[in-house]
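Two complexes are shown next, each including chain A; its partner changes from chain B in the first to chain C in the second.
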Partner chain A sequence: MDEIYKEYNGSIPEKLIGDVKKEVSKVKVTKVQLKEILDRVKKEYEAALISPGEAIGIITAESFGEPATQMTLNVKHFAGVAEMQVTSGLPRLIEIFDASKSIKTPSMEVYLKPEYNKDPAKVRKIASQIKESTLGDISTEFTIDITTMNVKVVIDKTKLKDLGITEDTLVKILKESIKGGVQVRLNKNEIVLKGKESDLHELYVLKEKAKAAFIKGVKEISYVLPVKRDNEFIILTSGSNLKEVMAVKEVDTRRTVTNDIHEIYSVFGVEAARQSIIDESTKVIQNQGLDINIRHIMFIADVMTSNGVIMGITRSGITGGKESVLARASFETPIKHIIGAALRGEEDYLNSVVENVILNQPVPLGTGLPKLIINSMNKKEKEKEK
Partner chain B sequence: MKKQIQIQDHVLLLKHKKLDDKALEGLLNKYNISPKQLPKVYKKDPALREIEDVKAGDIIEIERDSPTANKTKFYRVVVDG
Partner chain C sequence: MTDVFLDEKYLGKIEDKKEFIERLKKERREKLFLSTLNFYYNAEFDELYLNVCDGRARRPLIVVENGKSRLTAEHINRLLNDEIAWGDLIKEGSIEYLDAGEEENSLTALTESDLTSEHTHLELGAITILGLTTSLVPYANYDAAARLNGGSKNQKHALGLYLANYLLRMDTDVSMLHYPQMPMVKSFMADVSKYSKHPSGFNVVIAEMCYEGYNMEDAIVFNKSSVERGLARSTYFRPYTIEELRYSGGLMDEIGIPNKEVKGYRTEKDYRYLENDGIVYTGQKLKAEDVIIGKTSPPRFLGEMEEFSFSVSIRRESSAVVKHGEAGTVDMVVLTENEEGNKLVQARLRDQRIPEVGDKFTSRHGQKGVIGLAAPSVDLPFSGSGISPDIIHSPHSIPNRMTVSHLIEILAGKVGGLSGRFVDGTTFDAEPEKNLRQELLDLGFRDDGTEIMYNGVTGERYKVRIYIGNMYYLKLKHMVANKLHARASGRIQLLTRQPIEGRSKGGGLRLGEMEKDCLVAHGASLLLKERFDSDKTVIHVCENCGLLAVNDSFRSRQYCTRCGDNVEINAVELSYAFKLLLDELKSMCINPKLMLGDKY
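Right, the complex of A and B next:
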């Protein structure tokens, strides 16, 4: 039996063969019958395939456009919910498809190795290590002493202990992270900072600089939230820095992901970016309670990554890369494109759809796609020639 | 300080494989295309780091997990950059 299945491997998708196998195992069939079944499945499968010349881009655009109009009306506000604020709905969808370089709310899902992900206390500790801590976070008071012209910082000792650093090492770290010849000194419970120049304005600048001084953790990660998900604790973050977070010892490097598609691209490559586009857009669509067939999403992701880099559907991305002047002009900023084309002396070969629609000509789609060569001689003439 | 991170077994990283000449010809014949018409992948792509001597013009076979067809194969041609 398995040999028969193998024969069809390649002409029918694996999933359909699996489905047939499952159904067939319930009843008794002979080899001939099985062959007949598979033949019919193959026939149905081939009939369901999209035919050459079908305008799938338009179908995808419609399938996204119609539910997207519902989306804008359904903006929900989650006030007071203990979750991270993440861009959702239409703004997020636009962000994904435009392939924005700087997204509004970068965030990560940090998974931990099995030995660390069960105990909430441990997870909280790891979370605090990942979070970027500045001097402002671990101190209770910043004061400016005008008599001695320095900044005094009162350190919160319990917070310092949570981070696992002593006061002496803190001074060492501060000497490195605050630049510009600042003296750092430990005085009982306070840290005293003294700048080079001694006017009041400089002192204020120093105070603000000291507040933002990097102490420990992963840069860019501004907020962490441990949550329980399916029997394990994971850490949601706001701010994203995949490379650094994955270098942390306790982090599960197999499953940790970010919602920044460009970051995924730089760490894992195009194929991973494609998968990430699919995952992120499906998340948005499901969140809104909509149902768009996964094939449309996969198609968009394929088009966006087909050039080896991520290209957004913008006038600098896919649409801007089009050969035809009229096609580019019909998307955005038409005058700019037409003037530019005139200056460069560009030609339009009218090979695609939009430009032919503009010129009221048949478009190369469906029945307009195949070009026929017709022998204009009729039967009688043919026979004469013979 | 540059830290080494492990990416090989990440869920998002798919199996990439260089296609040999025989399989390549079969592929091009099946779809009646030239390698230029395939989607591209950059030579410096992190997913190609594990494969030995990849040069421009090579075809990479990628095994994808498709939600509609379980496992599918996808092909990309390597380009410089």
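Right, the complex of A and C next:
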């Protein structure tokens, strides 16, 4: 049996052979039948292959472009339901394909390990641990006392309790996180901050500084929302910090994701980033009720990540990396490219589509792809050559 | 203390603004000379603006006092008996005009039943919320707002009797409908605006059904026999103007039949319809490119050299010619002078437009469409009584647009046509559908407006009953005859050698960026090349330096101006636009070299 499989190695991808193996093992099959099966699989596989010279790039572009024209308008909103405000539709799609470094609404879907994800109270507690808390979040009042030249902060005790911190530890934390020789001391319900300098402006700066002072949680995570999904509770966040969230012991690191592709790239590498591009764009498209074949999305993701780094489809990314001067010039900032080409003495081999359209030559695609090879030597000359 | 302004000028202060305003109101309602006064109290700044100036848009409203309208049933009766008129109502103070400012301080009820003691005014009628054209739409309160917008916009494009003195005028691009009719289902506004004096449509028998797919996607099927009987015919007018201009140096244009020596002389045949004064005679039928008014102009630029040369005396041809793709009969010729005292000749062409496939029509409900087929009436469905429709409109145009008024008008039109009367379809105030149905039943028809009909081609009875009735239709000014355009070869631009743009000049149709992408996506590489061949040229390239070489086809010799003729020079075929790009790069001190390779 294995010999037969080996025979098809190379003509059918390994994964398909594996699939066939799995299915065949469930039933009894003779060698002749197996061969028949594999032959048919091979036929189907070959029929599904794209023929050489197919303009997959443009077909992908058109497959995205056509439905994208309908996207702007029909935005669905779920009124009344607590939802995270996430960029969607065309702006998000542009964000993904441009591979922009700072996305508008970074957010995470934090999955928890099975033992923690059933009890909503527990989940809420974990969520509040993940959330970045500042002094401003847990206090009710900030006052500047001009007579003593210090800042007084009234602490909300219930919020403090939720975080599981005592007032003494809070003082300790504050001493660490507010830098610049600031004195922190506890006075009944208040925390009194006293800066080095004693002019009013400095005091005001100190107050703002104190408001943003980090107390507990994961940085960047500004908002958390526990949500029930299927049979478990997950935590949606606004703001993203994959590395540190995964360090929290209750978090299921295998399923937790962020929508920041660059962050995924830096944490998991380029393959994960590719998958993330696919997932994120699929999400947008499905959200809009559109249907674009996954292969187009995969193709774009492949192109964007094939260099080992994420490259956006911009003039500084993929398009700007094109070999042909004319192709680059016809996309954006033509003068810059032409002058640059002149300075460097670039050559254009007219290998792709745009250049040939400009020159009115057949484009090297479809019917324009095949070339004629003629052996210009006749028989006698050939023999001489030998 | 409240500041008072009259026409934006400071007047003074008042103490009791409430009493002052009440008095103003009272005085205005009692004395006619104050009736143009409007006032607006701005509570935020405690300022009172009185306005009597020109240019304020004002509208009439019924005055309400203590929750009761001052216009009573008695007034109406006296109005109907011609005992009083509109002006008396204003004089009496039961109707007053408000401007935009005073409306801010008033509360207006839409109907009398809405009145409370808070209200200060009452609308004259619910229909006043609509504009002129929108209130012409019958049963508009059964319509979606978007369709109403479209419907009233379409009415502005309708052909009709736009002016009574059209025969004396030289309007550009206008049409006259031949037999405009009053709509059978009319609205209150039709009476007010004297629509019967200048109607812009015609009543047709319309059936809501599909016809062999010729009325899908908003197309309509026309009854060819109705068209031959004169349905929806119109005349299109187009004036041609020529001025005899004076130039510096005592030179001037000359209207007349041009000499054969004239530069740009057409053929003798083109001038054959001109009389001795160089102008066509009325009643002559002209085709495209025929000369209407002959004219010659002095040469354009007088260079130093040319002053002595022979060619100076040669004048230019500058006649008025019937536009590309147009034709018609000379309707009127006018000889006059313009403001500068130059001789001015105008000739108006008239062209009868019979409805044809592609002409645009609409009902008054935003259901516009173009003719998809003009079928002879023998092929059209007919009812038991032998009626076949003038227009077949597709029922698929109805559900998602929700133009219920379109359907009601058909029913109302049927009642009107059968009983020989006008039906009042005024929005909010129309004859109710229920009554119309009853009347239709009494007339011996089904009350839902459907009829059993027969296939005109096979004679078979349709399995379903067809909704058929009468309706007011409009012919819109967009006619294919003015839009049809195709070109094989023709004029090109001097700079790029690509076809010129625009229908009037016989230009090309652009195959754009996205259309190009479609051909690429299909892999139709050679077809794509052929489509972009409009500016292809053969250029000779010096293989040594990569620049353009000179091709002396006289001596059949090629040489490079830099490398001489001892180098290999080859011809390549490419787009002229690219050659132009190379030239422009060179002009910017960038030296693009062409390196030739084998084609295959």
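Note that the second predicted complex is superposed on the first by the 322 of 386 C-alpha atoms of A that agree within 3 Å, B and C clash if a C-alpha of one lies under 4 Å from a C-alpha of the other, contacts with A are read in each partner's own complex, and residues count from 1 in each chain.
Note that a residue touches a chain if its C-beta (ideal position, glycine included) is under 8 Å from a C-beta of that chain, and two chains touch if they have at least 3 such contacts.
Just so it is clear, the model here is predicted, and its values are computed rather than measured.
Novice: So in the superposed three-chain picture, is A:368 touching just chain B, just chain C, both, or none of them (first/second/both/neither)?
Specialist: The answer is second: A:368 touches chain C but not chain B.
Novice: First (chain B), second (chain C), both or neither: which does A:55 touch?
Specialist: second
Novice: A:338 in the overlay: touching chain B, chain C, both, or neither? Say first, second, both or neither.
Specialist: A:338: touches chain C, not chain B.
Novice: Given the touch rule stated above, what does A:227 touch, chain B (first), chain C (second), both, or neither?
Specialist: neither
Novice: Can you give me the overlap between the chain B contact set and the chain C contact set on chain A?
Specialist: Common interface on chain A, chain B vs chain C: nothing in common.
Novice: Please name which positions on chain A make contact with chain B in the complex.
Specialist: Those residues of chain A that touch chain B are 13-16, 18, 243-244, 246-247, 253-255, 257, 264, 266-272, 275-276, 294-295, 298, 302, 305-309.
Novice: Mind listing the chain C positions that touch chain A in their complex?
Specialist: Against chain A, the touching part of chain C is residues 516-518, 520-529, 532-533, 535-536, 573-575, 577-578, 581, 585, 590-591, 595, 600.
Novice: Show me the residue ranges of chain B that touch chain A in the complex, using the header's touch definition.
Specialist: These residues of chain B touch chain A: 3-7, 9-14, 16, 39-42, 45-48, 62, 64, 66-72, 74, 76, 79, 81.
Novice: Help me check something: in the complex, which residues belonging to chain A touch chain C?
Specialist: Answer in residue numbers: 53-55, 58-59, 61-62, 338-339, 342, 347, 353, 357-369, 371-374.
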